[in-house]
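Shown next, in structure tokens, is the structure this report addresses.
Just so it is clear, A, B, C and D label the chains in written order, and each chain counts residues from 1 on its own.
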């Protein structure tokens, strides 16, 4: 009953197989290899356009490299105040970006709305030389709250950003889960809706360590090779990160894995609702947030369930009926089983 | 009728005289001169203790060098959300600090309270490796709202910070105005209350370009010389920045100048109150904030009054009776005259 | 006949097996897993002391994180002028180190001598506030020229560095090859000889992407977790980098793989000598440098041999008999075969 | 007898007067004042073209801001190995430039030649993603050795740089001395010869603290305002730095002051030659380098002469007849007197 994180899951077998197959003979390092070329072509096919892709091993690197490419050191990056880049990367975007500034925006369900974005842009003094300049709108898809942005929402937000001269970056650590849910094509959910750069995550979705920074306008990726290298993120035996992506994308594996994770989250959310623990936010990806009474929490933990409790400020105070109620985050993955869900619900119910 | 800023004022005549007197013969550059030594001794006398002082030419440099010395790149600097370092230095602390993070706290009257500080420290996830670590509490004295922290308030805030392993830095661009008001000694209002480092401003108080970063524990200033030099803030003909501070401190000039500026602000505030425009926040330094009806604002401007209007979000919405009411900031200085105040009030009244 | 680089080789089968075995069930991310703990213990055993280890995916990251931890932004890092960190990491140490300065030293055979180090330390103006301060001596073991430092040489160099207040960092991308050759224990070749921090590479030795930054004094690793995280180098599914190291260290695999690579380099060097192409520098690891006449170079290339030619300035001019002679670098690896060597020599000879 | 540095001199009286005159009434801060506008126009007139100018208080800031604007963090800045930015600014260009790399070139007389530049550009591996890219050629005019580049030499160097896609920056801390000597117009010695950005120093020439970063192509100065502000180098009471430049440029004062300093250096150099101490390098600005026997050095010091001795590596070993010979640098300034020169020569002679 492991619902701690999708990064506590292992590697999907087809991806592990691909790594093994890639281990055949010699291949030049640093991305000068055939598998890397093939992944680049696959990404172009998948997104239905020319693009520039840079694979790295961590999501922190993918987001931070993307942001640093889009924002000058005196730029502001507007993101949800609970965004991973804001709260959980120990200041990585600031490091990569030479001291740029993240500005956290409010928003229910982990989502920024057009109203929120416009208020933020209007309420602050921006621009030189005294104030930082809004440079990037960063959207997390799926969000930290397990919700998703629909393409039309993205388009409206991107439109506001672009009109202010900002770029739009998408943290897609769980992009697969969002796409699996939305029924939109990857192109529709990104560049067709105004996303300029996507950090496309494979790790949480079933890879070992593989993320791709995707610039939909290749011209905007100028010198990204140097940026990646000097950050230590150009892999030496690069074929192995490429192999992961190759398998991830082949025959829609990435979507099959994500659909499973989403389905498991749905069952978990529905099961908890039936017991009386309604998820706080719509379950639109592979995350379920519920408030549990202390005794239920203890019973689940005793039964061996693994998950994180969140700071109570993450949810409206009204959600907590008792002072010792616990807000918990349950994450499913490609490897979550129906049996785990059932056992968890049984333990919660009992 | 210039109330735009205290940096729109010129240089107090005794300071200009001191610059002229310092221009006699040769003196080694980069601070190896007798005037610099004398200022260092004067600061020790003024603050009643051994200390390490580093003079620079701008307040942005003074604050940013101090903060970078106290916080690692993965440190968080907690400050008021309207603090100058947060809003008006174009990301300077982030640049000097290698990408550290500023966290803006709310607070009426421009002041952080112990409650606010404790809530912020408790509400966030802090610490490695995923989260930044609280490293510095930065207090602005006098605040951007023209209010001041009393020594006992500082002591309680500093105590919270120190118990969390944080340092306390004070942005004292208007330190003179605060001290002139508080009736506390410089020592009582700083290190005796727990302030670790003070950016002591002379520029707004009547100097040309002179600020001092003061480390009350000289050991904490290790390698500050290198830090200042590589930021381009070690003055070549250093005797001239020292001469300014020397005159500023001599015979209490700094307090006489500040008392005049404060008195002018008091008269302005009282005069406006009598007309019906009550200052939003207590006038405790040389700043007066009032909401003016549009016609009064226009009349004043037409009469030649110079001042800035502020974003309405700076004040509670309830302060604005009419949609076109304007929140204005009026700043007095050592060179403000009673005649200017009278003319301004007459124009406001008419 | 692939002698381009040891990173053009794949992954040693036992390491690939270990990755597969690690893919069993759930394990908390970010290093909170049992395999990571086991590797940490293995490293303590191997180096015969308590230490702090941080695994990352690239050598650039390992070196740069180590250096940034040891040197302040105003520090100088003294290294061989042909060192990888100097020439081939696109300024990574400078990026991680907040703008520190690398100072390249001369030295035949890729090695810095005590004389060279002392001359460099004496010939420059060092120290604050005007000059950078010598902070780190970085030694590459084995060197870029395929030579090695003996423990007593390291000890003498480290002694000079320590007496100047510097730390000693070792770039051990080919540490295994050096140890396999030296007949010294890992402890004798590192901390017992004065090395403070080792970037211990497994990738070139047969892993997929695994390097460890090893602090022999755990106290000197303070906040390295934050430093690694904000550089994007904390792996999410950390167990898989740990699995690689676990297998690399188990039963001396790392030394067996390195001994094979070294033996292949020996055979290559001896064979080339017999034909008349004497290696420029002693073959003490898995690198062979020879000057080839243009026709031999063309014949080898035509025969399918893969290797890099080097800039002629890398070797003394006297080594080049003809203007179109080519300096080439031949790198062997754990996967080089005797048959490849034989074919290469045959093609060179014919 | 002060020959320690031109920054040990004070402020030329007309510049001090201008500061006093500028202290009349109010003027908006941060450069929004009439004097700043006037200096900008004067600079356009002086350089016979449209340009963008940014005044700051130190030469370190002027050079570092210019370089950071021209080079990306993965850029290399080629400069003479004795250049001030290389040896004496504690890594400031690296700090401002986000960790860029300075590459020191050899060159007699403090000058880089076209041969040296081409060899350096050809001898190194440059470019992404593994190597830094040559981005800026930095020329010091007058050089650290007291020599000057003639416009045609600059043009040939700039041509090489431009053909490689590099920009040309000039460290003009002693630009006035060079122009006073060369008999070329400021335009001829800068943009007409291919200089893209000039750090035009007034401080050493007689100002208190005033330098200007001049972009001959205003478009290349995009966001320099933000860059200057976040480095703490936008002066608050900006009119006073403008006043210095205004007086410096008025009626050719800058050239008159420089001509005097140069003439004093000439007399010193000729006088020393007559005694038998020939200057090492042509005296083309306000610097004289001579090797003195120990007893002469002691006699001069005893007589009260102030100057610095240099590291012997700065000059060819053959210049030192005796092991205790001392290489000294003598700097004249606008305030050096004939009487000082005579006394110095008398003491040297006796």
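Keep this in mind: contacts are C-beta pairs under 8 Å (C-beta built on N, C-alpha and C of every residue); 3 or more make two chains touch, one makes a residue touch a chain.
What you see is a predicted model, and the numbers here were worked out from it, not measured in a lab.
Would you mind naming the chains that touch chain A and likewise touch chain B?
C, D
Using mean Cα positions as chain centres, tell me which chain lies farthest from chain A.
D
Round to the nearest whole Å and give the separation of the Cα centres of chain B and chain D.
Centres of chain B and chain D (C-alpha means) sit 35 Å apart.
If you average the CA atoms of chain B and of chain C, how many Å lie between those two points?
Computed value for the inter-centroid distance: 51 Å.
Among the residues of chain D, which ones contact at least 2 other chains?
As it turns out, chain D has residues touching two or more other chains at 30, 73-74, 89-91, 94-95, 98-99, 128-130, 132, 226, 229-230, 234.
Write out the stretch or stretches of chain B touching chain D in their complex.
Going through chain B, the ones touching chain D are 2, 4-5, 7-11, 16, 19-20, 22-30, 56-62, 64-65, 89-92, 94-96, 203-204, 208-209, 226, 229-237, 240-241, 306, 335.
In the complex of these two chains, what residues of chain B are touching chain A?
73-74, 87-91, 94-95, 97-102, 123-125, 128-132, 311, 313
Within their complex, state which residues of chain B touch chain C.
Contacts found on chain B: 30, 72-74, 98-99, 128-130, 132-133, 223, 225-230, 234.
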